[in-house]
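Given below, in the form of structure tokens, are the structures.
What follows is a pair of complexes built around chain A, which joins chain B in one and chain C in the other.
For the complex of A and B:
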């Protein structure tokens, strides 16, 4: 137990309260999502529809063997990125639309809110990747010669995608034309990550081994930079 | 342990439209202040400025604990607010809402403490119902519970009797009365009954 100067007792030390608050927000978002399924439905509907459309229209038999690693990587990351864009903005937009954003501002620290929302978006992205990536591999007969590198690329790319979309979602939550603004801001910010992930997955599919998995390192660095910048900038976005 | 609120020279305008200017007052433990004024005079905005949700165009809000200024980040611990624009989570039950706010505020409330607060506002039988199934009066009671959860020394009540029946209004009266022991209250309302709870009245229409 910890006594504050006002006399009220808090359950944790000051530093761990940040994480406790973030986990509380993450858990509440998860609980709400299980009950409403707004974001999950939006993401999965887009992902599954696109995946089916891609697999029927340009199935594996229509693409030259040599071009498959690159083209499949492009298609996979297009599906993942645009599916993420279709639903991850909801994390902040729903607070704004439901009128709960002010009560959250009164209760939680900005950094804790960001971390909680980031954890929630990463959970959604993890679920999306878990469903879409194996389905894509099966439907497109996507041959991966270096599975370890491929999995690391999918995970690190997902982390970067989650961090990028979370801060953009916070920025656009108050705008009147949220949908258009979200895509317009996301694409330039996510493009370097997408290019890296496409390159990494292509190399993993071909089976080119390179020391240190540079694309994975770039994606992890992107994630770390986005988190650091977001934690510094988010209080400015969060406050009026 | 003494908490004090010092509002000095607060003004707010949106573009060319001046809402109010040069509002100053000081509150100490036991004080109840009513803010009155016509619709659109800025009562809710003044409360939102005090809560830190809106930046003033001029002036400043100072909060002090034992004469020491409280940093902006720490202020949320000292403020409880009820307002028509503040919504709770419809997809959670009343009890889950309280548990969430308790955790996110870092208070040491367990499930029983949360239940006690819900009982305090007369929602015992509805604690495990989804908030989306609550009536507007029940939602208002739950907002009161949320504001009281961390025992704040500063209670900001914007239209506290909004949608409440006679029993609910009695609860508000008791809360304001008890708050005199804990700290201070600022009420924004046009209801004469709510202004009568106060020791002082600021009229923003003047």
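For the complex of A and C:
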């Protein structure tokens, strides 16, 4: 981070400095995550446990065929959202606990910190979805008639999930009660996204050809709006 | 002085709502009279949410403590009126649709609104440093406001609403002139009540603010 900021400032444009700093934070977080695997373990264990509980108690034939597309999509998104909420706050909380937050403030611009943490959270979400969604489909015999739409929905939903929670994580890290507060603050913001994703996955499973994929568009719009607002508001949270 | 005028005006409106205005046709019995109470409550809830949001943005830009007092007071009153609107709405739902709660889009969005308000108070109670608390609350309320358009566009996609819109919309030409008179009077009364409560609440917060410690050990927020 030091080299990227000090030496090359004169030759680089402003935006590439932001990106360099963001990537530096991203790679640093990835490296420390590979060493400790704290966040990934927490999220994955939560997700796997929930998935097993759901699969064990419902099984693949308990729900009637006509109800499956909708109910499975609800279950999938509940698992994904709550697993994400169980571990995403970690990215900022660990800085606060290790006392590295002041150094990070000196090293990088607030927006770059936000982007770096967002990229890290999106990486975690990607890993989560990569493992949970196929296992869910296999365990529950979830039949999807429109796979392209389904995959797009999962990806755009994950993007929205990361964008909506990262700034909340930054706030939570500096509050006195952290655990439950993160979910309590994130959920109201995520509900519109969740409703959209559930609807989208249901339609993908049924196989209704939806021209233009409206749910994916809504989720991507949510992602873009949340990132824009976060980039505007994050410096205020970060410097407070 | 205006408090007493407001009390008299409120009393007149309540009497008029039951005796002067006629019950609208198309609704079972006298149920349409809920219009005079439910709609102004919902209107006040919306108004105070908006005020809270604008005051939050002003606080972030200028850092005037008064803007934060306004944001907090408006949010608390908005929550109160939102709860009232939810209760009256669900009584009306029982009388006309047959159940107190059926996740009509209107009910869904009002519940999410209540959750957002609840989370806003959770932010406030979780941070002990006053300045940080104000900034975080303001940031949260702006973030929450950004998601509201999604609720307006997304939730109605799920089901069709049973909420009476055309028959009871004041802009609708079909509204009875007597009803319109009482309805506008009621809106006025509720807005007056809201302004009075808001000013009281801001004064309370300002007095509480005087007792606030000037320097807070920020370490306590990291425990």
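Note that the second predicted complex is superposed on the first by the 228 of 240 C-alpha atoms of A that agree within 3 Å, B and C clash if a C-alpha of one lies under 4 Å from a C-alpha of the other, contacts with A are read in each partner's own complex, and residues count from 1 in each chain.
Rule of thumb we're sticking to: a contact is a pair of C-beta atoms (placed from the backbone, for glycine too) under 8 Å apart; a residue touches a chain by one contact, two chains touch by 3 or more.
The model shown is predicted, which means the values in this text are computed figures rather than measured ones.
Visitor: May I ask you to decide whether A:32 touches chain B, chain C, both, or neither, giving the answer as first, second, both or neither?
Guide: first
Visitor: Which of the two partners, first being chain B and second being chain C, lies in contact with A:20: first, second, both, or neither?
Guide: Only chain B; A:20 stays clear of chain C.
Visitor: In the superposed arrangement, does A:57 touch chain B (first), chain C (second), both or neither?
Guide: neither
Visitor: Figure out whether A:188 sits in contact with chain B (first) or chain C (second), or with both, or with neither.
Guide: After superposition on chain A, A:188 lies in contact with chain C alone.
Visitor: Where on chain A do the contacts from chain B and from chain C line up?
Guide: Chain A residues touching both partners: 240.
Visitor: Which residues, counting only chain B, touch chain A once they are in their complex?
Guide: For chain B paired with chain A, touching residues are 1, 3, 48, 51-55, 65-66, 73, 76-79, 81, 83, 85-92, 96, 100-101, 103-108, 146, 150-151, 153.
Visitor: For a test of understanding, state which residues of chain C touch chain A in their complex under the given definition.
Guide: Residues 60, 112, 115-116, 118-119, 122-123, 126-128, 131-132, 135-136, 138-140, 142-144, 146-147, 150-151, 153-155, 157-158, 220-223.
Visitor: Quick check on the complex: what are the chain A residues that touch chain C?
Guide: Against chain C, the touching part of chain A is residues 96, 167-168, 171, 174-177, 181, 184-185, 187-189, 191-193, 195-196, 199, 218, 222, 225-226, 229-230, 233, 236-237, 240.
Visitor: So in the complex, which bits of chain A are touching chain B?
Guide: 1, 4-12, 17, 20-21, 24-25, 28, 31-32, 35-36, 98-100, 102-109, 112, 239-240
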